[in-house]
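The following block contains the structure, expressed as structure tokens.
Chain IDs A, B and C follow the sequence of writing; residue 1 opens each chain.
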């Protein structure tokens, strides 16, 4: 245990014997950003990702260029921008999800806790084990609810008190009460919102360090969307969260930091690029770039 | 008008099938009346003595096809996995059609090749296998020719391999990318994705593909007739010559000793039809939501 | 692993996030399993290709000894001398007759399934099952059927009997291939035709069939290639003819390549075996070329129709 949790406030009470620690208290200390000497307080945090001059290509097509930013620990970082601006490419580059796409390559660097994600010594499976991901479309496995959550921990050898682990993950994903009586039913029988929360439960069951959420609520109804947004407020105390969203209100509600990507052109080429990155309040109230102001004001995109 | 033509075509298909059964039954009626269902059990096949039983043929058919499946099913599924999940795109574009090409080679060439190339090779192989595994009855004392159930099984394996591998490849490709990505995003290795997601969600289709391969092996006549010896005997050892139903017809049809002999071969044909139809129905039932039989037309 | 390190959402994490990104925990073992699977699978694929190469090479080296222009274009002068032109022409004739019967029937059956009945309707299901069963018929049984149907009444083995047996082999392949490609024709095309008030049959003939033509031709080539090498039905229905017969009267025995190969091998003449290999080589070259051609055609028509 080398990294102490610096933000979660009170130290955890000793574990009751034989039980997995349950953490349900909603009274979490607020994470606020107060400018210190012109710098956001967030920027004093430990950087999980240090991304330098990242560009991504599909074959000869450049999808993303010149992206430099840091993503900080235990914050929710939102990635917003018009469609085609490379937000999905960006987030999928963070855990090498695009590796399987023929012709995909990145230039620049993604440092994760100081280690190059695309370095020659980085193991793709290890990267994904630490950096989990939830996708736009709920994609539960055609297995039981229990097995959906238990599958990855089993692979990883986390077999002790597996049922407790599954229960905890489902509780954390705010799904337990709805499914506790039918854990062994097929996950495909759940509603869309439940399926997406199951996918979140599945992701947190292996306790990754980072959760990447690629438009997790875009296919869901408003009620499900609200429940997933609530979830994020609780989960960020345990995970570093990066969320791609096309919904600006959602970014404003859930994110501590917001990165605005937009389409840029160079000759005939069109590619996504990072326009502005800062505290969410700054991006939404006092953006320095006119494109950002136009976008958050709903004038394009 | 066009609808009428199309409907007629459909009716012709169904009627042909019905007539197949009728022709075989009526031409085999002499043997059917004489031997009844006992035909399926009795092993003696002595054409001159009015004694024909298909027991040994059915045994040899089942045994040789079983050998073929034991060899071809794992290999074919592995190839399907390689082509759908592992091979780089360019390798897939070359190797996939090459594997399917195995299904295009006519059975007479496999029979020929089996006799000239494979049988001598198996002959060399058998003593070694016998001395290593001889304690299992399956690997008994080899004969000196290499003409054996094992040779037949290997030839059949080569013939059904492209069916199983191409069908299973197509099945694995139907697994939604989102599911595979979902599994990968949880830190699963490729094998874990295969074992945990890909295989379970296509199991029924793969099962049907194997059954279709089995159906092909059970009915193969020409290739087997070159390498199995056409001996009506029941042996436990794969090194012994044997006979299969289809191969027996190919071998003896041109010179039946009497009407009963000819009739018995029609009866054997009827048994083959029953086996063929059962495998078709079984494949359909196992396949569930996968329509594997629809894609087989483009391969074989 | 200690108990604390397995705690879910406690303070402890099951791994140290700042450690290098090389395989940790049980991943090293899992990665080994993964590599073994990859090795086994790629080896299996290599084996399959190797078998193809061995078979093709085996036929090539043995058949090349017999192969020359005269072998293809001249008639036999004896049991083990001369060319195989009569057998080639005979195979061409039988397969052509079979194709003339099977290909239209196959396309019509495919049309019936996609345009009129629908694979889910009761009749569609019966027909689909019948096609599956027909395809599942051992080809030797097809031979037996035609023997009972034609050879016994006509009291002789004939080319036409062989051709009809080959037609039965081709029919389900053709029907399935047509069905497959007709299903790919966009439904919007049909709707557009319906919206214009065009009769179904006219829409089929002028819009749907033409746009599926590439795939249908591909299916036809594959079916013909399959029938050309089919031996078992001919062994039953068209195996009795003189080695030097040149008459292609389909109501007599018609010489053909598969039977030439099959019977030559039994002759106690070494040169006859060489001829058999030569004939096998010619047959194999035709079949492989047809398959490659069909694939190219399919790729082209797929590209034209778009995804």
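The working rule: a contact is a pair of C-beta atoms (placed from the backbone, for glycine too) under 8 Å apart; a residue touches a chain by one contact, two chains touch by 3 or more.
All values derive from a computational prediction rather than experimental measurement.
Participant: Once every inter-chain C-beta contact is counted, which two chains account for the most?
Facilitator: The chain pair with the largest number of C-beta contacts is B-C.
Participant: Let me spell it out: compute each chain's centre from its C-alpha atoms, then which one is farthest from subunit C's centre?
Facilitator: Result for max centroid distance from subunit C is chain A.
Participant: How many angstrom lie between the centres of subunit B and subunit C, each centre taken as the mean Cα position?
Facilitator: The answer is 16 Å.
Participant: In whole angstrom, what separates the CA-based centres of subunit A and subunit B?
Facilitator: Chain centres of subunit A and subunit B, defined by C-alpha means, are spaced 51 Å apart.
Participant: Please tell me the distance, in whole Å, between the geometric centres of subunit A and subunit C computed from their C-alpha atoms.
Facilitator: So the centre of subunit A lies 50 Å away from the centre of subunit C.
Participant: What residues in subunit A touch two or more of the other chains?
Facilitator: Touching at least two other chains: 125-126, 129-130, 155-156, 206.
Participant: Can you list the residues of subunit C that touch 2 or more other chains?
Facilitator: Only 27, 30-31 qualify.
Participant: Which subunit B residues reach two or more other chains?
Facilitator: Where subunit B meets two or more other chains at a single residue, that happens at 187, 189, 192.
Participant: Residue numbers of subunit C touching subunit A in their complex, please.
Facilitator: 1, 3-4, 6-18, 20-27, 30-31
Participant: Report the residues of subunit A in contact with subunit B in the complex, numbered from low to high.
Facilitator: 95, 97, 100, 102, 125-126, 128-130, 132-135, 137, 139-143, 151-152, 155-156, 199, 202-203, 206, 208, 212
Participant: Quick check: in the complex, which residue numbers of subunit B touch subunit A?
Facilitator: Interface residues on the subunit B side: 88-89, 176, 178-179, 181-189, 192, 196-197, 200-201.
Participant: Note which residues of subunit C are touching subunit B in the complex, please.
Facilitator: 27, 30-31, 33-34, 37-38, 40-42, 44-45, 47-49, 51-52, 54-56, 58-59, 62, 104-106, 108-109, 111-113, 115-117, 123, 126-127, 129-142, 144-145, 147-149, 152, 168, 171-173, 175-177, 179-180, 200-201, 204-205, 218-219, 222, 225-226, 228-232, 235-236, 239, 258, 261-262, 265, 276-277, 280, 283-284, 287-288, 291-292, 295, 298
Participant: So in the complex, which bits of subunit B are touching subunit C?
Facilitator: Where subunit B meets subunit C, its residues are 1-3, 5-10, 12-14, 16-17, 19-20, 23-24, 26-27, 75, 78-79, 81-83, 86-87, 95, 97-102, 104-110, 112-113, 116-117, 158, 161-162, 165, 187, 189-192, 194, 212, 215, 218-222, 246, 249-250, 253-254, 265-266, 269, 272-273, 276-277, 279-281, 283-284, 293-298, 300.
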